[in-house]
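The structure that follows is given in the form of C-alpha cells.
Chain naming follows the written order as A, B, C, D and E, and within any one chain the residues start at number 1.
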Amino acid sequence: MNAVYGLFAGLSALLLVVAGFAVVTRRHFAAVVGFTAFGLLLSLAWVALAAPDVALTEAAVGGGVTGVLLLSASVQMRAKMEVLPSWGVRFIAAVLAAIVTAGLMLVVLMLPDEAPTLAPAAKESLAFTGMGNPATAVLMAYRALDTMLEKVVLLLALVAVWSLGRDHFWGGRPDFDFSTQTSGPLLLLARVLVPVGVLVGIYLFWVGADEPGGAFAGGALIAAMGLLAFFAGVARPPLVGSGWLRWAVVAGIAVFLIVGFGGFWGAGDFLAYPDGLAKPVIVVIEVAMTLSIALTLVLLVVGPPGRRP
Amino acid sequence: MTMKPFSMIALGWPMFLLCGLLIRPLRKWLPRLLWLAPLPAFILVFFEDVGAPVTLLLGAAAALWSIGGWAVPSYFPGGRPGVGFIACWLLTLTGSLGVFLVEDRVGFLVFYALVSLPAYGLVVSEGTPPARRAGRIYLGFAILGENLLLAAFVILSRGVMPLPPIATALLIAGFGAKIALLPLHFWMPLSYTAAPIPAAAVLSGAAVKAGIIGLLRFLPMETTPVMWGGLLVTVGFCGAFYGVAVGLTQCHPKTILAYSSVSQMGFLAVIIGMGVATHDGSVATLAAFYGAHHVLAKGVLFLAVGACAARPSLTVAPAALIGLGLAGLPLTGGALAKLAVKAPFGYGPAATLASLSAAGTALLMTHFLFRLADARKNPAVSSGGGLAPWLLGAVACIAFPWVALSMTGLSWSDVVAPVALWKTLWPVLLGGTAGVFLRRIRIPKIPAGDILALATPAVRTAQGAARALGHLDTTLRHWPVACGALLVIVLALLFAAWL
Amino acid sequence: MSEALDVFTRIAVSLGAMFFLAGTVGLLRFPDTLSRLHALTKADNLGLGLIVLGLLPQVAWPFGALKLVLVWVLVLAASAASSQLVARKVRGGKDRS
Amino acid sequence: MSEIFGFTAACLVGLGLYGLIVHSSALRKILSFNVLGSGIFLLLGVIARRGAAAGLVADPVPQALVITGIVVAFSATALGVALIRRLDEDDEEEGEP
Amino acid sequence: MSSAALLILVLTLPVAGILLVVVGGGRQARGISLAVLVGNFAVAVGIGGAVCRTGRAVTYSSGGWTAPLGIQLRADGLSVVMLITAAVVALAVGVYAPNEFAVRRGGVETRRSLAFWSLLLAVSCAMNAIFLGNDFFNLYVALELLTFAAVPLVCLTGTRATLEAALRYLLFALTGSALYLLGVALLYGNYGTLDITKLSGLVRYEPGMPLWVAVALMTSGLAAKTALFPLHLWLPPAHGGAPPSASALLSALVVKGSFFLTVRLWFDTVPGQAGMRTGQLLGAMGAGAIVVGGVLALKQERLKLLIAYSTVAQIGYLFLMFPLAGHVGALSGGMLQAAAHAFAKASMFLGAGLMAEVAGSDRLDGLRGMGRALPLTTCAFVLAALSLVGVPPTGGFMAKWQLLSAAFSAGQWWWVVVILCGGLLAGGYMFRAVRPTLVEGIQPAAAIPRLREWVVLALAVCALLLGGFSKKVLELLDIGRPQITEMRP
C-alpha cells in the first residue's frame, strides 16, 4: 500500500512540476509543450482515480487536441517570450493564489468522512439502461440533458470559430496548411496510422456502453486522425459551406432531439428510452454523436475558412 | 392609479389632444386648440365634490391653463410652436391638473413627474444657451424632488404611525424643491426667465401648485408634529423676504416676477406652517384660497409682460391693480386673500411679519411695474402678443376671489369694514412709497439664480471627484487588478459568511 | 505454471522499465538533439516491447494480446515517424544552407 | 490517497489562478485556464473516488460531469485560440505593408 | 404531453432552430429564426399560463430520471417572468436585426447571417435553460452556452477593437465560470447532489465552512460574468463595440443569466442563512457599480459607451436585493429591475443603432435633429430613459419602489441613499443621451424601415407597461417561492 502511495505522491509531484513549468516559463512554445505533457500525465492520474473514461477523454483532448490547438497558436505568435508584470504584482498574485490553494486544501480535508455518493442509485438504475459502464449511463441516460446541451456548446463553439473568419473567405476551406514540407515519414504515418486510428476510435465508442470508452473519446481519436491526414497533406479540410458537412456536424444533436421527442411517444417522457430498447437507441445516438464530435473537433482545430471558395 | 370617472375624462382629454399630434393635418390646428385642453377639468370643479382646497386650486389652475393656451399661438412665428412644445405643454398640463384629481400615492407621483419633467421642454423651447442652462438646472431639481418624494412615499405606504420624522423631512424637501423653498429656490428665476411668456405664466401660476397640494395632502395639519410647522414658518418667511430682496436687484420683468414667486411661495409655506403649528385643518382651505389667487395673479402678470410690448396703454394700469393686489391693495382679490389668511396669524409677531412681507411684495411689485413700463421701450426684453388673453385673465384674476369668497368663511361685510381696509392698505402704502424712492437709488445687480454663483467651487470639487472615479475605473479595468479583485472578493465573501 | 508466468511478467516489465529509465537519462544527458533522439527512441521502443511482452501472459487470449501488440506496433510507427520529423527539422536548416 | 490528489488539485487551481493573473498574453491565460480547469476536474475525480459504493469503484456522476466539463473547456480553448489566431493574422497584415 | 413538457419544448425549440439554421445555411436563417422565436415566445407564455393556473411551480424531469440522479427542470414565478422577458427581447431583436444579417441577393450565405442568427437562437436557448435549470451543473453548461453565444456576438463586425474586447470578455468569463464550477464541485463533494431543491433542504441542517467556500466561489464567479463592479473590465468595450442588435442582447439578457443564477443560489439554496455581512458586501459592490458606472456614463462622449456604462450602473441595483434578502420587496424589486432594465436597455441599444445608422456615428454631438429624423425612435429613447431613471409609472420606478420599501423595512437607510443618488446620476446621464436627440438639427436622409422603429418603441412600451401591470407581475413572482420562514434579526 505504501508503494502505491509513493507512486501517487510521485505522480502528483510530477504533475505539479510540469504544470508549474507550463505556467511559469516565459517561452510560449515551451509552455505549450509542457502543458501537453501535463495532459498526458494527468490521464495517468485519472487512471489512478479509477476513472478510465475520463483518462481516455483527457488523453485525447487535454493532451491531444488542446495541445495541437495551443501549439498552432504559439507557432503563429510573433512574440516568443512572455512579458511578465512587475515583481510586486507577481508577488501579490502568488499570495492570493496561495491563500486560495490553502483554503481549498482545508476544504479537501474537511470533506465529509462518509462521502455522499450517487453510486448506489446509479448502480441500481443501470439495469434499466442496459449498459455496463455506469459513466456512460450517466452521460446518456440520467444526465442526458447535460450531454445534449454540451453538444450544443460544441456546435456553438464551431459557429463561433467560423464567425471569426473574414467575409470574403466565407464558404471556403480553412487555411490549415502545414504540408509545405510533406515528408515521407509523415506520409507513411498518415497512410498507416489513420485507418487503424479510425478503427480504434470506432472501437472505443462501440465498447463505451459497457467498458471504458464512449462517444467523446472515440470521436476525439478519429478527429486526431483527421488532423494527421491534413498535416500530411493526404486530405484537405472541407469547404465550410458544403451541405454534407453541415448535416454531419448537426447529426448528433439532431438524433438526440429525435430520440428525445420519440421518447414522448415511446415511453411518455422526453429522452426516455423504451423498455428493453434502451441500449440500441443509445447506440444509435452515439453513432451520430461520434461522427459529429469527430468532425466538429477537427473543424475547431483547423479554424475558420481562410481561403476563397 | 385610482380616480373618479369624470377625473379620467378630464385628464384623458388633453392626452387625446396629444394623440392628435400623430396626425399630420391636425398638427397645424392643435396650437389654436390648446385652450380647450383644460376645460373638462374646469367644468368638473363646479359639480364634483373634490373638497374645498382642490376645488379652489384646480379651478384656478384650469382657468390659467386655458388662458395661457389661448395666448400660446400669438407668441410664436406663424402661430405655430414646435411639435415638442405642444407635446410638453399638454403633458405638463395633464400632470398639473392630475395632481389635484388623483387619489392614490403612486398615481400622485406619476402626475407629479408629469408636471415636473416635460416642463423641461417648455423651459428650453427657445434653445438659447441660457435657456439650456436653466433647463438643465430645472431638470436636476425636478429629478431631485422626484427622488426625495419617492423615498418619502415609500415610507408613507408602509403605513407606520406616527410618521417617522425622516419621512416628513423628505416630504418637505421634495415639495420644497418644487415650490422653491429657500435654499432650493434658484432654479425658479432661471427657468421662468428662460421660458417663453405663456409657458412661464402657467409654470409659475399653475404647475408650481403641485407642491402646495402635495404639502396640503401629505402633511395633514391636524396630525403633523408642531415642530414641522415651525420649520415651515421659519423657512417660509426667510423665502418671502429673501425673494423680495433679491428681486429688487433684478431688471428683467420676468426675473422679478420669478423672485416674487419665490417670495409668495414662501408666504404660502408660512400659511401652511401656521396651520400645522396650530393643528387647525381649516387653514388648508385658506391656504388654497391664497394659492388660487396667486395662480391667476402670477400667471396673468407674466402675460402682462408680453401684452405690454403690444399695447402698453391697456397693460400697465391693470397690471398695477393686480400686482399691488398681490400685496393686498384693498378691494382687490389679493386683499381678500390676505384677509382670509389673517386669522391663522393671530396678533403676535407672526402677524407683523406677515404685514411686513406684504409691504415687501408691494415694494417688489412697484419695482416690477417700473421695469414693465421701461421694458416697452426695450423690445429686446419681450416680443409682444396675447392682448386678449391678458385682458380676460386680468378680469378673471380680479373677479375670482369675490366669487369664491364664501368658501373661506368670510363675508362681504368683513372685507369692506374700515379696519380690514386699513389693515391691508398700510403695507401697500409703505411698500409702494419705498418702491418709488428706491427707483432713485442704484441697486447692485445680483445675477439671476443668486446663490448658484456660489456653487462654482462645489462644481469644481464634483468634477475632481468624477475625474478621480474615472482614474479608479481605469485602474480597476486592468487585467491583473480585476483578476486579483476577483480573488479578493472570493476571500472577502468567505470571510463575511464564515464569521 | 501461472507462477512462472508471473515471474516472467515481473522480469520483463522491470527490464522494460529499466530501458525507459535509461532512455530518460539519455534524453537528459546527451549533448545534442540527434543523439538524444537516438537514446529516446531506441530505449523506449525496446522498453515498451519488453513491457508488452511481459504483459502478454496476463491478458485474455487472443484479443487482449492482439490489442497489446497493436499498441506496441502503433507506438513504434509513431515514434519512428516523429523522430524522423524531428531529425529532419534539425538538419533541415543545414541542408538548405 | 484522496488527500494526495485533493492537494494536487488545490495546487493546480492555485497555479492556474496565478497564471491567469500575471500573464499578459492571451495564449498563456488560456493555458492557465486549462490548468485551473484540470485542477477542478481532478477535485471532482477525488470526490468521485471517495464516493465508491455499491460495488462501484467510484461515483460515476462526478466522472460524467468531468467528461462534460472537459468538452466545455475544450470548446472554450478552441474559441480563445481562434480569437488569438485572428488577432495575430491582423497583426501580420498590419505589419507587412 | 402535459403542460410540464412545455419546459422541455422551450429548451429544445431554439436548439432545433440552431440546427436548421446551420443546415439550411444562412439562406433561410432569418425566416427559421423568427418562426422559432415566435414559437419560443408562445411556449414561454404557455408556461406562464400553466404556472398561473396551478399557482405552483411546474417541474419536469427529463427522461423520467428524477433528482438527484437525473436533472430536474423547474419553472416558478421568477422563471416565468424572466422567460417571457427574454423571449420578448429576443423576438424584438430578431425582427429588428438589420439587413446586414440578412442573406445577400442570390441566396448566398454570408458569415454574418449564419453566425448572427444561430447565436441569437443560442442566447435564447441558454437563457431558457438558465431560467428553468434546477441543477447546478446543468446550469453551468447553460451558462457556458450563453458565454459562447455572447462572445462572438461582440466581434461580429471583426474589427480589431471588438476582437480584443471579445477575447477579454471570453477570458474573464472563463475565469468566472471556473470559480463557479469549483464551487459546484465542492457542493457535490459535501452534499452528494446538485439539485437546488434537494440542496436547500440539506444545507439547512449541515451548513459549514465548505458550504460557504462553495457559495463564495460561485458567487464571485457569477459576479465576474455579470460584470458587477469592480469586475466590470470587460463590459464597456464589449457592449459598446458590438453591433447594436448584439449589444441589446448582451446588455438586456446575457448579464441577467449569471445574475439569475446568483439569485437562485442566495434566495433558493441558502435562503436566510448567510450572515448580515455577506449581503452587505454584495450590496456594497452594487453601490459602487451605481456610483462609478453612473459617473463614468456621465463622462462618455459616445452614445453606445454611455449606454454600456449605464448597464454597469444598473447592474448595481440588481445586487441591492442581497443585503435586503428576507424583506418584502427585495426579491421582487430586483427581479422587476432585471426585467425592466432588459426592456429599456434593449430598446436603447436598438434605438442607438438606428440613430448611428442615420447619423453615421454614435457621437453624442452628432445626434441633433434625431427627433425629426426618427420620431418614433426618439420617443422610445425617452421612454426607455425614463424607465432607467426610475420615473413613475415605468417598470424601473416600480422596481425602485420595491427595493426602497425593502430597505426601509430592513432599517438599512444607506441603501436608500444609494438608490436616490443613483436616480440622480441616471437622470444626469440619460439626460446627456436624450437631450441632443431633441434639439433641432439636420440629419442626413436615410431610409430606416418603419418596422424597425416600431420594434424599438414596442420594447420601451414594454418597460412602461411593466410598471402599469406591476401588481400582476409581483403576484406572478411569488408563485412557487419557498415560504420565507425566518426573517433575519
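Here is the rule we go by: contacts are C-beta pairs under 8 Å (C-beta built on N, C-alpha and C of every residue); 3 or more make two chains touch, one makes a residue touch a chain.
No experiment lies behind these values; they were computed from the predicted model shown.
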Neighbours of chain D that also touch chain A are B, E
Based on the averaged CA atom positions, which chain is farthest from chain B?
C
With centres defined as CA means, the chain nearest the overall centre is E
Quick note, more Cb pairs in contact for A-B or A-E? It is A-E
Chain C and chain E: spacing of chain centres that average the CA atoms, whole Å:
56
Measuring from the mean C-alpha position of chain A to the mean C-alpha position of chain C, what distance in angstrom results?
26
If you average the CA atoms of chain B and of chain D, how many Å lie between those two points?
65
Residues of chain E that touch two or more other chains: which are they?
69, 137, 141, 144, 148, 151-152, 155, 163, 175, 182, 186, 188-189, 192, 209, 213
Where chain A touches two or more other chains at once, by residue number
85, 89, 93, 96-97, 100, 103-104, 111, 115-118, 122, 142-143, 146, 150, 153, 156-157, 160, 164
At which residue positions does chain C touch at least two other chains?
none
Sort out which chains touch which and give me every pair.
A-B, A-C, A-D, A-E, B-D, B-E, D-E
Flag every residue of chain A that touches chain D in the complex, lowest number first.
4-5, 8-9, 12, 15-16, 19-20, 22-24, 28, 31-32, 35, 38-39, 42, 45-46, 48-51, 53-54, 57-58, 61-62, 65-66, 69-70, 72-74, 76-79, 82-85, 89-90, 93-94, 96-98, 100-102, 104-105, 108-109, 111, 115-120, 122-124, 134-135, 137-139, 142-143, 146-147, 150, 153-154, 156-157, 160-161, 164, 214, 216, 297, 300-301, 303-304
In the complex, chain B residues that touch chain D
479-480, 483-484, 487
State the interface residues of chain D toward chain B in the complex, per the touch definition above.
17, 20-22, 24
Of chain A, residues touching chain B in the complex:
85, 89, 92-93, 96-97, 99-100, 103
Residues of chain E touching chain A in the complex
1, 5, 8, 11-12, 15-16, 18-19, 22-23, 25, 60-65, 68-71, 108-112, 114-115, 118-119, 122, 125, 129, 137-138, 141-142, 144-145, 148-149, 151-152, 155-156, 158, 163, 182, 186, 188-193, 208-210, 213
